[in-house]
Amino acid sequence: MSSVDPIIWFFMFGIFAGVVKSELRLPGPIYEFVSMLLLLTIGLKGGIELAQRPFFTLLPEISAVLAAGFALPLLAFPILMYLGRFSRVDSASIAAHYGSVSVGTFAVAVAYMHSQNIFYEEYMALFVVILEVPAILVGILLARGVTTGSVKWSAVMHEVLLGKGVMLLLGGLAIGWLSGPQGVETISPLFFGLFKGILALFLLEMGLITATQLGSLRRYGLFLVGFGIIMPLCFAVIGAALGAWLGLSVGGTSILATLFASASYIAVPAAMRVSVPEANPTLSLTASLGITFPFNILLGIPLYHALSTKLFAILGGS
Amino acid sequence: MSSVDPIIWFFMFGIFAGVVKSELRLPGPIYEFVSMLLLLTIGLKGGIELAQRPFFTLLPEISAVLAAGFALPLLAFPILMYLGRFSRVDSASIAAHYGSVSVGTFAVAVAYMHSQNIFYEEYMALFVVILEVPAILVGILLARGVTTGSVKWSAVMHEVLLGKGVMLLLGGLAIGWLSGPQGVETISPLFFGLFKGILALFLLEMGLITATQLGSLRRYGLFLVGFGIIMPLCFAVIGAALGAWLGLSVGGTSILATLFASASYIAVPAAMRVSVPEANPTLSLTASLGITFPFNILLGIPLYHALSTKLFAILGGS
Amino acid sequence: MSSVDPIIWFFMFGIFAGVVKSELRLPGPIYEFVSMLLLLTIGLKGGIELAQRPFFTLLPEISAVLAAGFALPLLAFPILMYLGRFSRVDSASIAAHYGSVSVGTFAVAVAYMHSQNIFYEEYMALFVVILEVPAILVGILLARGVTTGSVKWSAVMHEVLLGKGVMLLLGGLAIGWLSGPQGVETISPLFFGLFKGILALFLLEMGLITATQLGSLRRYGLFLVGFGIIMPLCFAVIGAALGAWLGLSVGGTSILATLFASASYIAVPAAMRVSVPEANPTLSLTASLGITFPFNILLGIPLYHALSTKLFAILGGS
Amino acid sequence: MTSRIKLVTVFTEAAIESSLVHELDGIGVPGYTITNARGKGSGGVRSGAWEANANIRVEILCAEALAELLISRLQERYYEHYSMVMYMSDVDVLRPEKFSS
Amino acid sequence: MTSRIKLVTVFTEAAIESSLVHELDGIGVPGYTITNARGKGSGGVRSGAWEANANIRVEILCAEALAELLISRLQERYYEHYSMVMYMSDVDVLRPEKFSS
Amino acid sequence: MTSRIKLVTVFTEAAIESSLVHELDGIGVPGYTITNARGKGSGGVRSGAWEANANIRVEILCAEALAELLISRLQERYYEHYSMVMYMSDVDVLRPEKFSS
């Protein structure tokens, strides 16, 4: 019991309050603020880490992760379209959600590693940014076909790259990188000292939002539930394999697996709403928020860690 | 001078700014956020304390406090109706406000004990929850009569138990209890480190709100002012006696006296508005916010502490 | 590179995000909250400092700074009217902005002194309040003429003295003064511990706002740009001279120079909008927010520090 | 192309939002839109500073018969004890069938 | 059951809210409702990002004569120097006496 | 003194605010006013709890011809795939030339 991180209890408290239809709500501006702080903090942490190593040493990892970002939605798409019998646009949209990543899940994974005293490569925040974007582009192409003239790519790139999430992650990365570990010391009480508390509030609200999605679950049936659990597991295996292959630590490998397993519920829905409006947003949000997010938070992360540990044991890595 | 806690100055600054009609205002979402943090923190503190003792040892105290929660509004009601000549529904509504408790007052009492280094039983947060609800039920019964078919009890219980305040207190209690003292360490900078600062901002806004109530005071005359001061004093005596009888420490007794003396201005007004709409909300809010809250904050708490100390001296307790 | 304070990077990140038209925005209530915290903190710091010295020893400095507050807009006015060929009301309004001060700039100057370990007189927060008001009165008189019956002075004084900014600074000062250094310890994690982080968020939003002003720059031409840089430089020289003459430390002198060089963008615009509505608010905001604020933040403060150091070297002061 | 239907606008206390929404659903209105508001009326200033004195502004587009029903229902349930002001106007909508369900 | 009166809607700068409310009270309108807004007009975009460029939206229900007075008064006091747009429409209210005081 | 023009009111998803504003600018409306909203319609409850399900309320005052164009353009571009409800009404404005550009 005492081994469960309190932030997980906040999430479950949120789900409970939502399910019993309590009036509890984080005010809109506060939820936005809390999200912004998380994104900035994650970016800052990554940037500080980057400041301490030559950038080009990371090029192989960056390339591999970037390639995976393009590949993952291509794996999910046929499953959704042929097994799930979703329309082409819905399949493309859901595939984009699962090919991309969830920053909230990443934050919980990081908190998990800290609380278990597991080392991981802090520059992984960089991978959050790298994985956020490609799936969106692939999703749009899958929905529209390659020869599409009707996609306003400049509007899409604007939506994707200049959206709040990517901006804050990149801004944090840049500021952390430019300032280095000593530089950020004076701002660390807000960004690092309060991190877990802020994450707890974020998860409380995520629980409340998750609860509102549960109602739609019944409507969309078993396939979506299965997909929302099995797809992340498969992606986690791919992520763990890639992490091990790239020579990451066990912690870093677990986090990469978590990233692959996570599904976007902020950047991708917004981009899809603008670029592929025919896709039903309830479908993808139900899956990513109603199933995959809670699954990853409650069960996935420890599982992916166990998986990575196992893999390292097999490979004889450390 | 230096013995006044700065949070009290924040309250008085708020009253001053309100009285001179300054444009100062805590933005709505911030006020809500600050309240939520206070409620969660108070709940967490109580829960951590509960985690360290077997629950059943508290059963006698819980029962006694619960009984008092039903009894207090019954004491206030005849005074309001026969001495105060208020209508039946108004008397019932005001009685419910005074039978219930104010979380803000509790927080200030806790801060007072800390700043004076006085020990108290931290699980008293539990009593806040226990005292919040019964007075509402009694108030509705007093307004409607026992044989009322017209009360939608399920709506009432929904409003009361699932309102923000009770939810957050209970959620905090549960999380604190499940996590224990070590568990919450990572989230303590936000919830415990900032507590007094957050309380200061809360009191600033409470001062501003109190000032807006002062205008209504003149309209409702002397009886309400007298009631808003004398009723808390009587309830404080009952609370102190009960605390001593239950074997609480001097600090715990002072806080129980403060809880009894405090009047609700959040949960009860909301519940009464829905359940007893004929009652005039200005009347009860003027009394609880315009008189009793400032009285308790500025004079009551030290008084109740002195009272408890005296009582313990008489009883030869420690 | 590492010598640039990270808060400056936050400001530049904000400008960048604004210029590329990202959707990044601090939610309105959060921006207000962050501003309120800064004002309260600055006030508290000043008040604590005041508590440690007899008030009358500051009377000469207060008088001198107050006199300067009346004089500075009178210096700016003819330049704007005769060199800049602005209308009388626009000249008066801009002069009021530059005669008054920017609390954000003051906060950055304070952070600069801290990060460079330079001593300064912390009671300078008092000067922020003192300098905020006179320029507004002078500006209105300049716009209306001395014999004006049409100015509703009571409304003006209400707007000026009871506006959020002055209220919070004065409230903070009073609370800090009444509580003293020990008193505020319990609230210091929120107000002092988070100060730099809060300032970073404030500057992020200021960068975003500054970026929106850059567009207007082209419309108003070169004179305004020149004025927005040269006027602060002149005022900084006056401020440095006054600081040295008053016997302030090098740090205090630098901050006084910065205060003189800074231009208001909150209190004065609000007051001018109400009292001198014919003045074009875009003109003065473009200058103060679009030019002078970034100039002071990025280049001005180190420059004014260098200036003060030089001055002290020449005068043989310490 | 467009067709005339009724727009009912209600100013009332934020405290009864959920009760009011429940009522609307019960009557079977095709939809509603809510915004936060503050204001002043016979019941004095409601500044929105804190929940007990915040207002909401509710708009309901619907057919005339339902609008009449809605108004009389709200009048009966809320007018006596709550701050509430209502007005009705004629507006033109596309797809009128959407609002006459 | 219902009776026709005037609804005056005003879009203007948030900065003059208190001054405007004072004016409304002075004219003796029976009430008003305010919501926060943003927008664009001849004076450019007012994004509401920060106080100096936020808008408010004010609604006043009142008798026709008062509406005329209100409009001419606001026009005279604010039109020249402030961002302000106003429109008037006919609406039906219950209890018309409430709005003709 | 006053003159009759059209008021178009749109309830839609907050997610498309910037796209919609772009469209309005393209059509050449003289101005618009936006407020945050929540609500319910054929697409279910949109509680405004978080960005993906928040609504906005957009008002546009303009001449009749432009109003017709606006309505048909929005209908064509957004009706199929987005939550959107629109209505049009007649209002009286001062300075009608301001809204007929």
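Observations on the model:
First chain written, first letter: the chains are A, B, C, D, E and F, and each begins at residue 1.
Throughout what follows, a contact is a pair of C-beta atoms (placed from the backbone, for glycine too) under 8 Å apart; a residue touches a chain by one contact, two chains touch by 3 or more.
What you see is a predicted model; the values in this text were computed from it and never measured.
Graph distance from chain A to chain F, where chains that touch are one step apart, equals 1. For the pair chain C and chain E, there is no chain touching both partners. The greatest centre-to-centre distance from chain D, using averaged C-alpha positions, is reached by C.
At the interface between chain A and chain C, two copies of one sequence, fewer than half of the residue numbers in use are shared by both copies.
Taking each chain's centre as the mean of its CA atoms, B is the chain most distant from chain F.
Taking E-F and B-D together, the pair of chains sharing more C-beta contacts is E-F. Per-chain Cα centroids separate chain B from chain E by 40 Å. Touching of two or more other chains is recorded for residues 23, 25, 27-30, 189, 193-194 of chain C. Listed for chain D are residues 35-36, 89, each touching two or more other chains.
Pairwise, the chains that touch each other are A-B, A-C, A-F, B-C, B-D, C-E, D-E, D-F, E-F. Residue ranges of chain B in contact with chain D, taken from their complex: 25, 28, 31, 155, 205, 208-209, 212, 266, 269-270, 273-274, 277-278, 281, 285. Residues of chain E touching chain F in their complex: 9, 11, 35-42, 55, 57, 71, 75, 79, 85-89. Taken together, the chain F residues at the contact with chain E in this complex read 2, 5, 7, 21, 30-36, 61, 89-94, 98. The part of chain A that touches chain B in the complex is made up of residues 1-2, 4-7, 9-10, 13, 16-17, 20-30, 111, 114-115, 189, 193-194, 196-198, 200-201, 204.
Across the complex, chain F meets chain A through its residues 13, 15-16, 19, 47-52, 54, 80-82.
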